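One structure, pasted below without further comment.
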Amino acid sequence: MVRVSDEVRRLRKRFEARAEESHVWESVQLARHADRPYTLDYAERLFSDAFELRGDRAFSDDEALIAMLARYHGQTVVAIGHQKGRDLAERTRRMFGMPHPEGYRKAIRAVELAERFGYPVLTFVDTPGAYPGVNAEERGQAGMIARSILAFCQASVPVVCSVIGEGGSGGALAIAVGDRVLMQENAIYSVISPEGCAAILWKDAGQARKAAYAFRPTAGACLDLGVVDAIVGEPKGGAHEDVDQAARLLDQAIRQALAEAESVSAAERRAARRAKFRRMGVWGVADEDGADTL
Amino acid sequence: MAPVEVDVERPKGDDEPGRRHPNTCPSCRSHYRDDELRHALRVCAQCGHHFPVGALERIDQIVDPGTFEEIGTDLRAADPLAFVDLRPYTDRLLDAELATGLGDALVAGTGRVVGRPAAIAVMDFAFMGGSMGSVMGERFCLAADAALARGIPLISVTASGGARMQENILALMQMAKTVGAVDQLREAGVPYVSILAHPTTGGVIASFASLGDIVIAEPNALLSFAGPRVVEQTTGEKTAPDFGRAESNLRLGQLDAVVPRRELRAELARLLLLFSPAEDEPTGDQGPVPLPEDATIAGEGPVDRVLGRLGLGRRRG
Amino acid sequence: MVRVSDEVRRLRKRFEARAEESHVWESVQLARHADRPYTLDYAERLFSDAFELRGDRAFSDDEALIAMLARYHGQTVVAIGHQKGRDLAERTRRMFGMPHPEGYRKAIRAVELAERFGYPVLTFVDTPGAYPGVNAEERGQAGMIARSILAFCQASVPVVCSVIGEGGSGGALAIAVGDRVLMQENAIYSVISPEGCAAILWKDAGQARKAAYAFRPTAGACLDLGVVDAIVGEPKGGAHEDVDQAARLLDQAIRQALAEAESVSAAERRAARRAKFRRMGVWGVADEDGADTL
Amino acid sequence: MAPVEVDVERPKGDDEPGRRHPNTCPSCRSHYRDDELRHALRVCAQCGHHFPVGALERIDQIVDPGTFEEIGTDLRAADPLAFVDLRPYTDRLLDAELATGLGDALVAGTGRVVGRPAAIAVMDFAFMGGSMGSVMGERFCLAADAALARGIPLISVTASGGARMQENILALMQMAKTVGAVDQLREAGVPYVSILAHPTTGGVIASFASLGDIVIAEPNALLSFAGPRVVEQTTGEKTAPDFGRAESNLRLGQLDAVVPRRELRAELARLLLLFSPAEDEPTGDQGPVPLPEDATIAGEGPVDRVLGRLGLGRRRG
């Protein structure tokens, strides 16, 4: 009943084959590893200098999402990233990297600052998702995520996004709309956590592993589906095994992506970014004759 | 964390254990024949409860008869992940299409509203909980394209439990894709009016639906990123009965107005007038700008009664 | 010691003469008259249709400051104004026309909407001042007033502002930066209330009348000082004596001011608006010879 | 309502009845000779209390010796309203000039900060409570003009009780005038760093001072539109001891950093580096970008110690 392209058939075959079964769950675990490097770990290694941009100029400073002016290979950039926190006190302060609307408002402010000065924007995506609390909702969590996505769409400066841990739902996407989107080998990126998916579709959060196999939050799947532009390698065993080496690999990838994004005019870049996301999605065409069905 | 979920919740007390007939008012227990309810725009005559409205019926409510032209009709979900949970995604799609007669949870097109042309995108909660996947994203963009190409306003009516998990990351990307379409409208100065029906949650409210130049909600609609159950289960916080409801959202600055369904078409007509190009007026008179003759408004009198003078008082509250 | 221009000497002479003594205090009383028409009274009479824009998309809807899309002589405008409220319940709800930061955030949002569609902005200024409460301060009252002024500076659409009652301090100025600033005959406009000025300089709020004579918050003084562009007449006895007539007079003035503002290009308009406010202020030059002193 | 006032308040307990010597620490009662305090950047060696700093001394603290060139020096208030309260405005001006040696409450100019050029605008609270009138507005704009003309960053240091009531409406207009100057900088992509010293209130914080691309405060500075006394008297609300203080403002999202005076010059050097044009770096190295040789930082060691690596940790908290 639905006619699909060769490309879709190829994708279906790949996912039906259920290759890399073990790798899927390993990625989920590595992406959430307690020692996995966070945004600040990379910032320390990638930037020769930095000044933190704090506050949303409206309500608070959300430490789950940090922003900074930073010097990257001799040029100034605006860096934005989720920050989970290393020990319990820092994790609590940073809400485990789950931003409130104030965090996204800070991100928008940072993008606007980059735009005023023509500085490229680099983002580091690592969040279980936006914080799902009453106060966050009351202060407009949904609308602020939408406005953050819009700010990234509107930016005419180069934007390079890197998924470095958990790319959790709208809370991640809010700072992940870029000219180039990179994803570390063991990072995950998905519309919902495996646990959340399992709780809803399997009616049992314990089926997270099964859900992860079904919906494939892996870098490989994201690349195949055209959602990310490149996979960034990690040291053997995961980024936490050698943070300096992980940073070098990420640095190389960002530097190349940035050079690509900088190679076109601002207007072309903005149009191309929008066009890239416009192409995302896979669909077929209703076919009354029943030919070439799923 | 699971802020995006398909099976959205109803408010406490709304849902009795066991089944309830869809035409029985959950609020006052009045029961209606389907044609009765349809004629009343699916608003309870006794208590004003707003029942859900399917996409095609919603189009009938707001678009002038015979003017709607659908676009993107043949688009269908293609299940690239070959997704299977308790049931295959393709089975769920088939069931949804059979139940609703729709190809996906959003119907796009163009038409006229009280005489003025507009692009239209209307969602249907009955199709897999109004979940947003690739087809919805593309159809929304096609409606935006039509608005852009013809320089006419875009009107959307949303009802969604969030993103469609069966398409995972591609579903998430529809948020960026649809926001990009809104960005194009903004750049071109094409108006976008977003109407939020019960429930509009998850990825839909966190993308295009929140970005209308004007954002209007139906009374008592649940409008939140995470639903109250997710909030309570994840954070241990209690949610108040009015958590995420349209009236709370108005108070909290997220909406321009809460408009009862019976007044919705009139409000849209007012907005389409306000967004229409300037006209020379005759010699200093300040009378209302003329509207097409014979224009009527569902559930109300002639248009000029509604559009005659400033109606700020009515919308406050 | 300070050399001043002829213009300054002329101004000093005018104010030293203390003309219109009685008119000063009468204006203060008329500007605050309980029956004085408010923004909505004029909106009803000037606009053939309107849709209220509510909410700041962040925290709340501040009813002390209202915004609307409205049809004005056949064209759509964005109208923004303080709204005091007529009876006690409405006054309390509208905080006597004293906005919180959310009000100014709504104003900024309305200006941005006008900018997207090229709609002129009309403002109606009538507030004792921004609300001086703890919550307002905590949510960034000062910064939001600054950002509102900035939004009005940045707008490239025509902006016509009308002081229709009390133009109180920064809370008024936040929506009073326009290509043309009009002021009703009996409106007042000042950096502080007469009572506040008296409390600080005379150490006695009861000396408000004396303070008002000294600092002249009147339309005449504002015109002489180059702060407003035109004075709009009122019916005999004040605007409340004949609201329809007051509205007709205001309508005429706004319509002419709008036509003037619309007669130049967007870039010229923006530059001219900035230049106009840049010229504001009166100063002399230090002169060691002691010639032409004050 | 009187949100703008000239005589700003001190925190509770700060002010004893009777007179206190200006060089006695209000916090720990340590007393200093003036040259001692000046050498310590007017920071109490015992408890870290930040004493007020005059405009010229502040310029000495942050601008490289011998590089400051003042502009707008001859501008003086002209008293167009012929304003008299308990004393004539002209008398107050004369007293203020004699007491401070300044022509008004803001000194404007250009100079170098750790080797990099910048336009400078520094306020002095001792001149009529740092109140903003026509001369301050014009001088701020002249500094912004210099930044614009030479494409160099603007740095302001503010300390103000608000607008100068003696110039009434013209004082109010300085808010619009100075914001217009900031708007020009923004349009041209010229950086503006705003440093808020105790107290920055009223019309100054509600205009240019809040619009820095970067906004930094000194510890414990009172930064609010209305002062605590006005809030309490007008609304009947109680204010907490940390009401409006720099640390509260940081928590409430209004500041990028609270920087102790001893680190201020180093932070400014860091920011001027970050706002300087991109430089080609040698073959993939990520070492710090070179700074002028011999650059030193007041109260600290050589520059490279401070600028060497990411300093995020220090500024947090």
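We call the chains A, B, C and D, going by the order they appear; numbering starts again at 1 in every chain.
In this text, a contact is a pair of C-beta atoms (placed from the backbone, for glycine too) under 8 Å apart; a residue touches a chain by one contact, two chains touch by 3 or more.
No experiment lies behind these values; they were computed from the predicted model shown.
A.B. asks: Compare the CA centroid of chain C with every other chain's and tell me the farthest one.
C.D. replies: Here the answer is chain A, farthest from chain C.
A.B. asks: What is the distance, in whole Å, between the centres of chain B and chain D, each centre taken as the mean of its C-alpha atoms?
C.D. replies: Each chain reduced to its C-alpha mean, chain B and chain D end up 50 Å apart.
A.B. asks: Take the average of all CA coordinates in chain A, do the same for chain C, and state the distance between these two points in whole angstrom.
C.D. replies: Inter-chain centre distance comes to 46 Å.
A.B. asks: Find the geometric centre of each of chain A and chain B from their Cα atoms only, then give the gap between the two centres in Å, rounded to an integer.
C.D. replies: Roughly 29 Å, centre to centre.
A.B. asks: Would you mind listing the residues of chain D that make contact with two or more other chains?
C.D. replies: 252-254
A.B. asks: By the touch rule stated above, which residues of chain C touch at least two different other chains?
C.D. replies: In chain C, residues 57-59, 139-140, 143, 147 touch at least two other chains, as defined above.
A.B. asks: Please list each pair of chains that are touching.
C.D. replies: Touch list across chains, by label: A-B, A-C, A-D, B-C, C-D.
A.B. asks: Which positions of chain C touch chain D when the two form their complex?
C.D. replies: Listed in rising order, the residues of chain C that touch chain D are 1-2, 4, 8, 11-12, 15-16, 98, 128-134, 136-143, 145-147, 149-150, 153-154, 168-171, 173, 177, 189-193, 195-197, 199-203, 211, 214-217, 221-222, 225, 227, 274, 277-278, 280-286, 294.
A.B. asks: Where on chain D is chain A touching in the complex?
C.D. replies: Per the stated touch rule, the residues are 186, 189, 191, 213-214, 250-257, 267, 270-271, 273-276, 278-281, 284, 286-289, 307, 309-312, 315-316.
A.B. asks: Please give the residue numbers of chain D that touch chain C in the complex, ascending.
C.D. replies: The contact residues of chain D facing chain C are 1-7, 73-86, 90, 94, 103, 133-135, 137-138, 141, 163, 165-177, 179-184, 201-203, 205-211, 223-226, 230-231, 234-235, 237, 239-240, 243-244, 248, 252-254.
A.B. asks: Please name which positions on chain C make contact with chain B in the complex.
C.D. replies: Within the complex, chain C contacts chain B at residues 40, 43-44, 46-62, 66, 68-71, 73-76, 102, 106, 113, 116-118, 251.
A.B. asks: Spell out the part of chain A that touches chain C in their complex, as residue ranges.
C.D. replies: 57-59, 101, 105, 139-140, 143-144, 147
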